[in-house]
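Heads up, the next two complexes both have subunit A, just with different partners, subunit B and then subunit C.
Presenting the complex of A and B:
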């Protein structure tokens, strides 16, 4: 069996957390809180390890011939400058440090959002050509319909109850659809979690 | 005073029912009998299997984008599915000249991706293929993750991209880049906005619970198929309960 100790730890910890959710009493609750606290610390350490890995990958891409990427040295320089500024200014809560980081990050992310909007509009236009079918037609029709509905163009107070009811049904339809999809996702999450609890899925090699 | 409310009792019942169903469905059929459970064809997953074979033949690379944390915990159920998918892809493509590369937007997920690759190669007796640099953290915010992943699609001879996990609308940029590179892209996310944009932007997209079926379609094992059967049974049971509840509500009978 692969990684028996890690598997046993994962199963026991998973069962305690699950039990703490359904039976929140005494020792189970205390154990659950302690374990969740440890998980938060571990997640923080994992982020640090992940960043070290990021630096390693880009160092390799900056130095190894055949793998060179012109953006990797830029990333390393900016990373070191940010870390240096963070230490020099007393940490990420320093207002000057936050101002400098935001002055770089916000314009870059806004630009990417704009690119995303254009990419999405282009993808929606190409959708029918690429994947012609009933689902694609329904998708495009409902996208246009809900854009119109949410823009307020159809929000006329005509006083006609039938029209009001029809618009009300149309407004509620996406909520019903989303609930259906979420139900499927919840069941999928449940069986995935149970596979880990049963030791079938082991995302750790031990 | 009882600490178990009706809602938690229903939840607990659902968990126990799912566990029992999964166990029962995972049992082998009786001697002389064949299982009559067949996976329904999903176009995206059939194309993924074809793309995997082609990548191995062509000596090109597969890129598995594992997404980011879903905000609830460092690793979500969708991330676990993504790791199972990565494991199967690594095993299937272990004979390829170019091993797959995994990108993630969360530290814990990147460590797990490295561990998954290590375990997958060990399982097929090819431990020498393991390279920790193939399980990468590419960025910790949604857009930095995308910005860090785009060079992988562009520069690393990638012929197929599998975007599986918790992916928001920003993942459309990854799908779009894959199309520009003429690479196959299959996308599956547990986020509703992510699913909507990926349906439009990706070459193939999985909707709703289809995400959780990916490992079963890549033949990860009988227990994954059993999970799908259990999901189907529970879904129909829930549909029945919802319809019964609606009828009772119309009749003015209140249960909960």
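Presenting the complex of A and C:
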């Protein structure tokens, strides 16, 4: 058996936390809260380890001949400046620090979302050109229809009742598919989680 | 003047990303903007995690907590130290125990969330559509049947169990295939409506960014 101690830890911790969800009584709840508190610390530490690894990779790309990436030093300088400012100003709740971070984050995030419009329009056109099947036709028709519905062009306050009810049906049409997709995702998560808790999957033993 | 610096930084980055994207994603401007973005984002996350998770839950209890708090902080401290070994390839096996703890806790939270947050609530929402005492009469009933057919056919579309056949590729039973066909149409409609929503949002962002740049140019020129 591969990694028996780690597997036992994953199963025991998982079962106790799960028990806390479905049998919310005294000692089980206390144990669940303590174990979840430790998991939060570990998740935070995992994030820090991930960031340190990112810095390590870009440090190598900045210094090792043959692996040089001209953008890596920029990332390292910006990262160190942000961390330095964060510690010097006393943490993330400092208004000046928030202003500095937002000055970069908000414009880049908004602009990346903005260029998504161009990418999506281009992808939709390519879909029709390349894979013209029933699914593509329904998809593109539905996209155009919901763009019109979202724009409010078809909204009528005093229109015919038949038109109103037809618009109502159209608005509810995606609910059925969305519910099926949501249930599918939940069943997938359930199966994956149970496989880990039964020791069948061990993604931690690498 | 200093209060204008964030606006100017925003304008420069907007132009970098927009121009960079229009010239192709692999050019100097776009990559520079994305590397700056990643640098700031990771730096912010580093500071955030340190101040809001590590300090209050690990460092402060160890330095100024009661005996009970110190004892309760020791296991996550040991596991955290073991997790740090994941950075070094030769010692990364020492971090497996911490990863196992995280995976076990994550799996339990995922199961709890899936069952309590999605399966039960979505099933209850579907059942409630058949509750005629809530009013709505026959149209509510039809609505319920329609949603139920859509939900079940969508779920069946993702069922890929098939019987092996002699001299032919495995195929799903005919009723399942028929239901999956209906489910495929429901999925296409749902994805189309989601696509329209995302497209509307990104178009709004594009208009906002172009408006921002236009206003800035106007302010600087006039």
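To be clear about the criterion, the second predicted complex is superposed on the first by the 202 of 206 C-alpha atoms of A that agree within 3 Å, B and C clash if a C-alpha of one lies under 4 Å from a C-alpha of the other, contacts with A are read in each partner's own complex, and residues count from 1 in each chain.
Definition applied: a contact is a pair of C-beta atoms (placed from the backbone, for glycine too) under 8 Å apart; a residue touches a chain by one contact, two chains touch by 3 or more.
This one's a predicted model, so the numbers in the text were calculated from it and none came from an experiment.
*Asks:* Quick check on the superposed pair: does A:112 touch subunit B, subunit C, both, or neither? Answer first, second, both or neither.
*Replies:* After superposing on A, A:112 lies in contact with both subunit B and subunit C.
*Asks:* Comparing subunit C with subunit B, which touches more residues belonging to subunit A?
*Replies:* Between subunit B and subunit C, the winner on subunit A residue contacts is C.
*Asks:* For A:48, is the partner it touches subunit B (first), subunit C (second), both, or none of the two (neither)?
*Replies:* both
*Asks:* Have a look at where A:200 lands relative to subunit B and subunit C in the superposition and call it first, second, both or neither.
*Replies:* first
*Asks:* Taking the superposition as given, does A:24 touch the first partner, subunit B, the second, subunit C, both, or neither?
*Replies:* The answer is first: A:24 touches subunit B but not subunit C.
*Asks:* Looking at the overlay, does A:127 come into contact with subunit B only (first), subunit C only (second), both, or neither?
*Replies:* first
*Asks:* Touch test for A:163: subunit B only (first), subunit C only (second), both, or neither?
*Replies:* In the superposed model, A:163 contacts neither subunit B nor subunit C.
*Asks:* Looking at A:138, would you say it contacts subunit B, subunit C, both, or neither? Reply first, second, both or neither.
*Replies:* Second partner only.
*Asks:* Just subunit B (first), just subunit C (second), both, or neither: which does A:172 touch?
*Replies:* It touches subunit C, and subunit B stays clear.
*Asks:* Could you tell me if A:60 is touching subunit B, subunit C, both of them or neither one (first, second, both, neither)?
*Replies:* first
*Asks:* For subunit A, give the residues common to its interface with subunit B and its interface with subunit C.
*Replies:* Of subunit A, residues 3, 18, 21-22, 39, 42-43, 45-49, 51, 53-54, 56, 71, 105, 108-109, 112-113, 115-116, 120, 124, 139, 178, 180-185, 187, 189-190, 192-194, 196-197, 202-206 contact subunit B in one complex and subunit C in the other.
*Asks:* What residues of subunit A sit close enough to touch subunit C in their complex?
*Replies:* Interface residues on subunit A, with respect to subunit C: 3, 5-7, 9-18, 21-22, 34-49, 51-56, 71-72, 74-83, 86-87, 91-93, 97, 99-118, 120-121, 124, 134-135, 138-147, 149-151, 172-187, 189-190, 192-194, 196-197, 202-206.
*Asks:* For subunit C, which residues are in contact with subunit A within the complex?
*Replies:* Going through subunit C, the ones touching subunit A are 5-6, 9-11, 13-14, 17-18, 21, 31-54, 57-58, 72, 75-76, 79-80, 83-84, 86-87, 96-119, 122-123, 125-126, 143, 146-155, 157-158, 183-203, 205-206, 208-210.
*Asks:* Could you list, by residue number, the parts of subunit B that touch subunit A in their complex?
*Replies:* Residue list for subunit B touching subunit A: 3-4, 8, 11-12, 14-15, 18-19, 22-23, 73-78, 80-81, 83-84, 87, 104, 106-108, 110-112, 114-116, 118-119, 122-123, 132-133, 135-138, 140-141, 143, 146-148, 151, 155, 169-170, 172-173, 175-176, 190, 192, 195, 197, 199-201, 203, 207-209, 211-212, 221, 223-224, 227-228, 230-231, 234-235, 238.
*Asks:* Under the touch definition given earlier, write down the residues of subunit A that touch subunit B in their complex.
*Replies:* 2-3, 18, 21-25, 39, 42-43, 45-51, 53-54, 56-57, 60, 69, 71, 105, 108-109, 112-113, 115-116, 119-120, 122-124, 127, 130, 139, 178, 180-185, 187-198, 200-206
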